Amino acid sequence: MAGRAGGSVFVLTDYGLADEFAGVLRAVVQRDAPGASIIDLTHGVTPFDVRGGALALVRAIPYLGPGVVLAVVDPEVGTARRAVAVSVSPAHGARGPHHFVGPDNGLLPWALDVVGGVDRAVALAPRGESRGSTFDGRDLFAPVAAQLWQGVPLSHLGDEFDPRTLVRLSAPRLSASPGALESEVLWVDRFGNVQLAARPDDATAAALGIELEVVAAAVHGARRVQAFAELEFHALGLVVDANGHLALVCHRQSAATVLQVQPGAVVTLRAIVPGRSAP
Amino acid sequence: MAGRAGGSVFVLTDYGLADEFAGVLRAVVQRDAPGASIIDLTHGVTPFDVRGGALALVRAIPYLGPGVVLAVVDPEVGTARRAVAVSVSPAHGARGPHHFVGPDNGLLPWALDVVGGVDRAVALAPRGESRGSTFDGRDLFAPVAAQLWQGVPLSHLGDEFDPRTLVRLSAPRLSASPGALESEVLWVDRFGNVQLAARPDDATAAALGIELEVVAAAVHGARRVQAFAELEFHALGLVVDANGHLALVCHRQSAATVLQVQPGAVVTLRAIVPGRSAP
Amino acid sequence: MAGRAGGSVFVLTDYGLADEFAGVLRAVVQRDAPGASIIDLTHGVTPFDVRGGALALVRAIPYLGPGVVLAVVDPEVGTARRAVAVSVSPAHGARGPHHFVGPDNGLLPWALDVVGGVDRAVALAPRGESRGSTFDGRDLFAPVAAQLWQGVPLSHLGDEFDPRTLVRLSAPRLSASPGALESEVLWVDRFGNVQLAARPDDATAAALGIELEVVAAAVHGARRVQAFAELEFHALGLVVDANGHLALVCHRQSAATVLQVQPGAVVTLRAIVPGRSAP
């Protein structure tokens, strides 16, 4: 059975760019799949932050063309954790990535959900250099990504297993009740915007109005806005961000600094009840 | 009317590389313009620093081959600020970029001046996802850059407007008088070199000699040199830098740290008058 | 005589990514060698750290396909230091890079040793813009790399010289005696792993056991392991790393922080002698 092939190789890691790790990954893909366009999604995932990497991949995935996703955030490299390659359901068509490669630690499944789920999955056989390696990105995942790009069938790369056994991360905390929306902070971006797990429907479910309160380290007033520039200096806004999530933002200022929150924190958005805020 | 097409897509943003923003931009260009070579000029512009981005683009532009410049430093995203695409005067020929895409906030015009000015300009029509978006780079600018690369005529992308109405940044501060040259600091690079708005002709106009004084937070002696390595440790040199500007430099040390200056600061270079420096 | 040509252009510099330096280098290569795949190995070498750049290149080189290596860490730019281009011994075949370009300051020879040594070497003639330039990467090295990629013979680019006169860096400190292995720290990576000059054979020569002591700022216990995940929190491990060197590591923690060492430091690994460690 011939695999689907071609397109780009999309790379996401926690390697950073100070060392040559990411460059060597690119070089191996280029060496083994000459002509592949290599698209770095990011190498800036916080070291060992599988959850942060999984979320970045979910945000990027709707915008990718055809190709292979090569994702490596792998604190358990060298242990018995599975290294995997999966094919995407053909129903998803030729629009997006057709294969994903990476460690089986929760990094891939959320993004796979977005593209319609897994068709088939294999546990990668270790190969020469990768036996006992501390750099499976270079020695196993990149060569496999290049082979999948070349059209090597998945079945040639390892033993098939039930995709439902892929390791999954716990779902982000999120709960709505009348007047209150409790949500995990998924992401703080370079600009200090605070992306929440909550989406506009959740705000509706919680009956939050245009003016609201944010409970983090302290209690802050906030306002629903459409653009950063609607906000005065130091004012906190609630927007629907570019990924369809609610996000707490400021104008030319870091909302994360104002709120003193980091990814993984839980904040509460509260409707303002007349009388309560006027003691 | 067919547009000019092809070449590279040159990308400059303030997105940084810690998040997947720049990667998604690359992916969208690759998806919509398969085969384009994507050249990241930099994603390291200080967040929201339109002036810093405009200056980086000016420095890069003489060295670019044919293609489309995609530049995004856009603090007013989501507001009524214009999103624009412009074609470069055909007199500039096929040597450099033929189109520029970005926000109308001063980011583009200085670089456009370098390549011979604007031929035609259009205000981009919002499109599906970009309506009310906080990520026009992904939803509007990158798709438009890909279309221009593909040869879609500018007139298909929005309403034409008079290019003389493009927003322009204020010119850098610069004034020469006999014995004194006052200049804005344009840029402090990774190595701590301090690029001035002044050029060699300005030093000549101010009759600065080989030995001179630099007035910043304090007064420092400095010397005209050709190479960093001519300088002793801690000594300050004045060179003509790789962009034809005067720059204050040290050898293997940050001149910006010695001088305690940042971009936007104003420094004065003074000729040394015999008698004045010997009390 | 036609040169060998094609493949990728592999780029390593200390330019960082905050400025447009690396982007301009890419743009010049793309302009002069359209169709070349440009692979950034890293631009994150510590500014002016020729030794660090040389070591990063050595680690990357075995994984590169055919092409030209363009390496620039060049504190003496603008002085009489030679700018060089070299061809790799044809015996190395078409598997790896066929040419290297960069300053003659020790940056290239270690990597050249890995690929079988130098065949021919030329001192690059300065060209128009590069005369007195502070940015030879843009004005000299990148154009030359593009020409070599195009197949321009080395002899057209400058005067041939004896490759044995290439500047070489001092060898890393390393000495083994019974029960003690003294080694320079070559590299601290993003994850805080501490790569030593020593290799497994050196540990064997020093008769180090599974349990050992590391003498840095203080004395630490350590244990030979295969994977990071075998280590408890705060425990120090000794692994054979992905480049075949001994490395001191922790699990999800920086060994460099635990040991308080940086590249260039010297550490001693000591066998544990029964009785000595129990006073």
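We just call them A, B and C in the order they show up, numbering each chain from 1.
The rule we apply is simple: contacts are C-beta pairs under 8 Å (C-beta built on N, C-alpha and C of every residue); 3 or more make two chains touch, one makes a residue touch a chain.
Please read these numbers as outputs of a predicted model, since none were measured by experiment.
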item: Numbering shared by both copies at the chain C-chain A contact, with half separating same from different; value: different
item: Superposition rotation for chain A onto chain B, Cα-based, multiple of 5°; value: 120
item: Centroid spacing, where centroids are CA-atom means, of chain A and chain C in whole angstrom; value: 32
item: Of all residues in chain B, the ones touching two or more other chains; value: 17
item: Chain A residues touching chain B - in the complex, by the definition given at the top; value: 8, 10, 12, 17, 37, 39-44, 56-57, 59-60, 63-65, 187, 189-191, 226-230, 239, 241-242, 251-252
item: Chain A partner contacts - residues on chain B that touch it in the complex; value: 15-24, 26-28, 30-31, 34, 47-48, 75-79, 132-135, 138-139
